[in-house]
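In the two assemblies presented below, subunit A is common to both, partnered first by subunit B and then by subunit C.
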Partner chain A sequence: MENRPLEYDYTVAKMFMLTTIVLGIVGMLVGVILAFELAFPSLNTVLGSGVAEYTNFSRLRPLHTDAVIFGFTLSGVFATWYYVGQRVLKVSMAESKFLMAVGKIHFYLYIVGVAAVVVSLLMGITTSKEYAEFEWPIDIAIVIVWVLWGVSIFGLIGIRREKALYISVWYYIATFLGIAMLYLFNNMEVPTYFFADGAGQAGIGAWYHSVSMYAGTNDALVQWWYGHNAVAFGFTVPIVAMSYYFLPKESGQAIYSYKLSLLSFWSLMFVYLWAGGHHLLFSTVPDWMQTMGSVFSIVLILPSWGSAINMLLTMKGEWKQVAESPLIKFMILASTFYMFSTLEGPIQAIKSVNAIAHFTDWIVGHVHDGVLGWVAFMIMASLFHMAPRVFKKEIYSKSLMNTQFWIQTLGVILYFTSMWIAGITQGMMWRAHDAFGNLTYSFVDTVAALHPYFFIRGVGGALYLIGFLMFAYNIYKTWTVGRQVEERELTNATPMAA
Partner chain B sequence: MNKIYLAAIVTTLAMLGFTYVAMDIKGGLNDDIVNQLAILGAVVLVIATVFVVTKYVRQMQTDKATGDLTEENWDGIGEYMNEMPFGWSVIFLLTIIWGLWYWTAGYPVAAYSQIGEWNEEVAAKNASIAQRAANLTPNEKLHLGKAVFNVQCAPCHGTNGKGQENYQTGDLRAENLNKRALSKKYVEKVIREGSNQLGYAGGMPPMMLQDDADIDAVATYIEGGMKGEQPAQYAVCGSCHGMNGEGMDFVAPSLTAYNVDLVKTLLTSGTKKGEIGTMPREAKILTPLQIELVAAFVANGPATELEE
Partner chain C sequence: MFHWLEKRPFFFAVGVFVVIAFAGLVEILPNFAQQSQPTVGTKPYSTLELTGRHVYIKNSCNACHSQLIRPFKSETDRYGSYSKSGEYAYDRPFLWGSKRTGPDLMRVGNYRTTDWHENHMMDPIGTVPGSVMPSYPWMFTNLADVDTAYAEQLTIKSVFKVPYSMGDEKILIPMEDGTSETVEIATTLAGANAAALEEAKLIVADMKNQDVKDMVAAGKIPEIVALIAYLNSLK
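Presenting the complex of A and B:
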């Protein structure tokens, strides 16, 4: 063993932990509202028609997706980076005034960006591209935030003591580079107020308004190359980074196979970028591109499962830890949900299956077994592991954590199974026709058939939100009243009070 | 039984059960290859995931971590130099080979066209439908017309064709198709201005009557459903609309009923503009046979109960 650990400085990590929790609550609360609005449409106007503009489904939906992706998930990624980065590179943020300043500016500018996003989305100002709704002024701010994070990553790497980069760092770097490239290309937009159109007329629309630089099929292609890889580099790559650090650290086990980590990493990087076409099957995109999307999606199963299997095998012989620690349970279940969603996705990417799955709730189910079961589980587990280290306190309550685990597991199960049934039912109803080719059902028939499942989904989501509030409470209590702990209690398994 | 196996079995059975429920609610497999493949995919997904996860989780109970560690370790985390799992490597290799083969040789890059496939399928379907349509009873026709109506027309005209009230004011609606109800105001307007939107070639010329009193009399008569004494000036109209207002195929619409000719003409070439918007030109999405069927259904009165 090396001598005494460095004094790591978790100031920035702590700030991002806070936003992870706050934006998680906001995003999931809006998700639950959306779920119930779909089940009971009158809720759209429940606060009166005067404010219906702000309470209706369409206005709130992008708020949900962007709050959970760019708020909750991204904050989680930043928080864990500012924690993991120092530790596996063996340098402290405190050693560089410059990096510390960059970290703080990164955080505050991020907050400004979040505020601008929330306000503009509520006002209905959007570019109407999914997950890329922000207008150009906000995009510019986001690019700066991103560059600052890049400076922080490469700055820290530049002054590291550890010669080789740990696999998690590779994944963080990939997150940085991947999103940078995707975001820039997909958000190429023309502010209509400042640029003249073909006929030489300028000053069209509000100053913040813009149109995409691409048109038609090209726009769709770039959009879903981005959309799919937002999943890759937002919901997969940085979350795998977390699992490669927090699972072995918490359990005290060595990673099962170095080779497997390496091969999974490079193949994931290579294959993901070609699979975006599966979002545009049966569209005007050229046939060969659609087929490419499907083929690469199938090949993608193995790189995805590689990391998950590496995690599961790391726990070989450690059943006792799994049974005893709710924290490890979170991470093991996250790995299995990761496997589930990365097999479900490829199956839905097969053209004949997509013919039924596309536009149905089966996709929404796929999304949420991934994000609830994998992304959010892994982020919460990471924060649970970090809390005692950054606050030097013991986790406030293990039994609360246990209860949270089971409530949220039930929540995810209700969510994805109800959407599984709803989606397949919906797809089959849409396709049903008589011997003369007449459709059997009109759209509203499917809505009526799906009502019970929409309700169950709402209940599942509400359970998940309750679990998340328990998580927030547990962390808050850890911070305020947890027992002080010694450095030596923090080596592996996280100390938890009963 | 070991808890892990139990959980695996329960999960598998539950998910397969849910899949079965989804198949069973409505719609169903319908002999449709896409439906069958989707269900197959769902089943493979459940079984493969549960099988592989169970295998590895079971190893947590029975196996032990072994192997040589790499030289480096990071924040106390080591990595074993273990080989990659054999099954995983083999399947990965196979998918890569399959992918390369499928995309280059297996998948006929140059010969396949999505739109071509679609055209072929539609042509084949239409041919088989036309063949069967040749021997339909009138009642079967009405049932099929109803199927078309429910999907293509009901969203605006209501499931029984009685029109849909505007949900706030209760007055705007797409026409009630059970009863031809021409308002006096509307008839007057048509007499003065003519009309060219139902799809009848040439439409109706304006100023068929000049005198206000004549116009008033004829319009009142038509609004009343053409009952009672017929005003003499109606003769002008009768030359096209028929003396009883029953219309003349291809020449002028019936003024008393939504008959087959009116509906067919409207759907094929009209763009009727009403208070709430324009009646879409349905010929774009309906085949001639479907138009025939739905016209018969509308002429029969969409709210009329059909014999089984």
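Presenting the complex of A and C:
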């Protein structure tokens, strides 16, 4: 037993790979529909007025954000954990019946949760808090899913052979702890069905309805402490975990600097949580918190760039791989977008810039250059690296990967450039005064000015979706008709058919 | 020290948790020690207004409309006086929004009327040419859920001490002109529905849609009536 290599068990990883792809398609498709609904409002009733309630922009919008965050991204995080965790801890899931069962229950309960979320959001059952729209019964299910993932992480760590935890594991642990803390505190709510006892008459109204424990300004403060850090621990921390594992593996290069990864990790943990206040600039939360939010957002450039530079310098002397391998291209562009997005964010958090940017499409653009350029590119690259090892097959088509890369890159560029222009245009129009001190534009003037940018954004999003469908097709074909490969072909660079 | 931590997952996890929880402790706890204090003149929502607020949330109006007026001339010119913290004391959840695809609604009750909303919710682009807002025809037929709003009122009165008057208990709320008012809620579910219907009758008196008028006359409250009651209360 000790003398032959471990056989890792990817059963659970495969299941989450499937949901990554399926929910990615759903989330991005809904996003494209939303984009075109803004460009052409008549599309809101495209399936007829009878079902307009369910095809309407406002009903679909939370479905888009949640499908991408909790569907696509989280599935990607789980899929990579169930792959990376075993390999860096040098232990197989097959060694523990308990952990295997936990992993499977984790997956099936997650599917139940996803189904409940889709149905409830379409019905308009929502708490209205962004990325925390779910009512209390779903919250409880989510907490259970999360605890199961925690059991899986710490269970696997408990039976590990490699004693030192690799950098990626640090980031997965932080993801688990961070989201647990944020989610619990932001979703403190009182179910009205059970507490409506003012006149001794519990059991009134909808059983799933709840009311927030916090009111007004306090509620906003907790929500954006959560909202911003859901981005931190959903869209940054676990994605960094992926890049620390998959880039060195794929390129065969050691991480450039261990010290830089240490510095980046601990400073990211400390700094990120303060930055939520930048969502509340010029609001009614205390001024010192707004200032802290602004200042720490600037400081946040350091740990973010620390990780990104560590990635880029890992390729030192091996830049030819970027030209040769589409998989390395995805990862390097992801790191580059990470640098770009973590510079853009702090700029928007500067008070005078935020005065123009807040409430406009520039913010939407920022989110998407981060998520499309960094998060989704890194997740797709990870799955491309995993697929041949999980299925023991060669990637179906390298040229399709290259085509996908360029189509999606073009899509991202169209997306964020159009949203920059839209956001800054509208921000400037809102504040324009004429020579007599009157507002120059009515609100609807500033909406009409955005039409061309809404259209370009829709095209950018559609290109990205087309690229994602190519990705799904490529993985599917790899699984079904890819050439069988030997273990020795899977050491570093992923095998790809032309 | 870091090498030591990397071999001890428990202490590593504790370390990470302390570092990430630190900001929350410093920023959030002090703010909670002092509960949100209402400004003079801020009243909790009536049963029908709260029902309408639920319609607003159900349709994610906050995805496109903010309720936060920043202290800039361009904003106060367009939307009215800038927002004060105490004005949100009864907002659970807060509805500030994060994106203004449409205009701010914090004080929409000051400058839009019942019949404007009636026309606009049915045909936004006909009412405001160039708008990208979809129409909401189902609100004219779907019935509003008064029961859940009443359950919420009872809950926030008992759990969070929101100053609703109920039965013989009168809680005075100070107004800006020095007088005081009360916001009554019914003692029974049937009473709450009857009170909401009375409020609804005042709203439909200014509406033109005959189907909606007929529904209210028959004792039923469509979502649009509740929503307009809520929007009119935003001042």
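Rule of thumb we're sticking to: the second predicted complex is superposed on the first by the 486 of 498 C-alpha atoms of A that agree within 3 Å, B and C clash if a C-alpha of one lies under 4 Å from a C-alpha of the other, contacts with A are read in each partner's own complex, and residues count from 1 in each chain.
Rule of thumb we're sticking to: a contact is a pair of C-beta atoms (placed from the backbone, for glycine too) under 8 Å apart; a residue touches a chain by one contact, two chains touch by 3 or more.
Bear in mind the structure is a predicted one, so any value in this text is a computation, not a measurement.
J.: What is the contact status of A:F282 with respect to subunit B (first) and subunit C (second): first, second, both, or neither?
T.: In the superposed model, A:F282 contacts both subunit B and subunit C.
J.: May I ask you to decide whether A:S212 touches subunit B, subunit C, both, or neither, giving the answer as first, second, both or neither?
T.: In the superposition, A:S212 touches subunit C alone.
J.: Could you tell me if A:R87 is touching subunit B, subunit C, both of them or neither one (first, second, both, neither)?
T.: It touches subunit B, and subunit C stays clear.
J.: After lining up the shared chain so the two structures overlap, which partner does A:K163 touch, if you call subunit B first and subunit C second: first, second, both or neither?
T.: both
J.: If we overlay the two complexes on their shared chain A, which of subunit B and subunit C does A:I347 touch? Say first, second, both or neither.
T.: first
J.: With both complexes overlaid on chain A, does A:L312 touch subunit B (first), subunit C (second), both or neither?
T.: first
J.: Who does A:M188 touch here: subunit B (first), subunit C (second), both, or neither?
T.: Neither partner.
J.: Which partner does A:A115 contact after superposing on A: first (subunit B), second (subunit C), both, neither?
T.: neither
J.: Is A:M428 touching anything from subunit B or subunit C once the two structures are fitted on A? First, second, both or neither.
T.: After superposing on A, A:M428 lies in contact with subunit B but is clear of subunit C.
J.: Of the residues on subunit A, which ones does subunit B touch that subunit C also touches?
T.: 163-164, 282, 292, 355, 430-433, 438-439, 443-445
J.: Quick one: which bits of subunit A touch subunit B in the complex? Just the residue numbers, please.
T.: Residues 87-88, 90, 162-164, 166-167, 245, 248-249, 253-261, 263, 267, 282, 287-288, 290-292, 295-296, 298-299, 301-303, 305-306, 309, 312-319, 322, 332, 336, 339-340, 343-344, 347-348, 350, 352-353, 355-357, 417, 420-425, 427-445, 449, 491-492.
J.: Write out the stretch or stretches of subunit A touching subunit C in their complex.
T.: Where subunit A meets subunit C, its residues are 37-38, 41, 44-45, 49, 52-53, 56-59, 61-62, 124-130, 154, 157, 163-165, 170, 173-174, 177-178, 181, 185, 190, 192-193, 195-199, 201, 204-206, 209, 211-212, 214-223, 225, 262, 266, 269-270, 272-274, 277, 279, 282-286, 289, 292, 355, 358-361, 363-364, 430-433, 438-439, 443-445, 447-448, 454.
J.: Report the residues of subunit B in contact with subunit A in the complex, numbered from low to high.
T.: 14-15, 18-19, 21-23, 25-30, 32-35, 37-39, 41-42, 44-45, 48-49, 52-53, 56-57, 59-65, 67, 69-70, 72-85, 88, 91-92, 95-96, 98-99, 102-103, 107, 109, 112-114, 125-126, 129, 132-133, 144, 147-148, 150-151, 154-155, 287, 289-290, 293
J.: Note which residues of subunit C are touching subunit A in the complex, please.
T.: Residue list for subunit C touching subunit A: 2-3, 6-7, 9, 12-13, 16-17, 19-24, 27-28, 31-32, 35-36, 57-64, 66, 68, 70-75, 77-78, 83-103, 125, 128-138, 145, 147-160, 166-167, 187-189.
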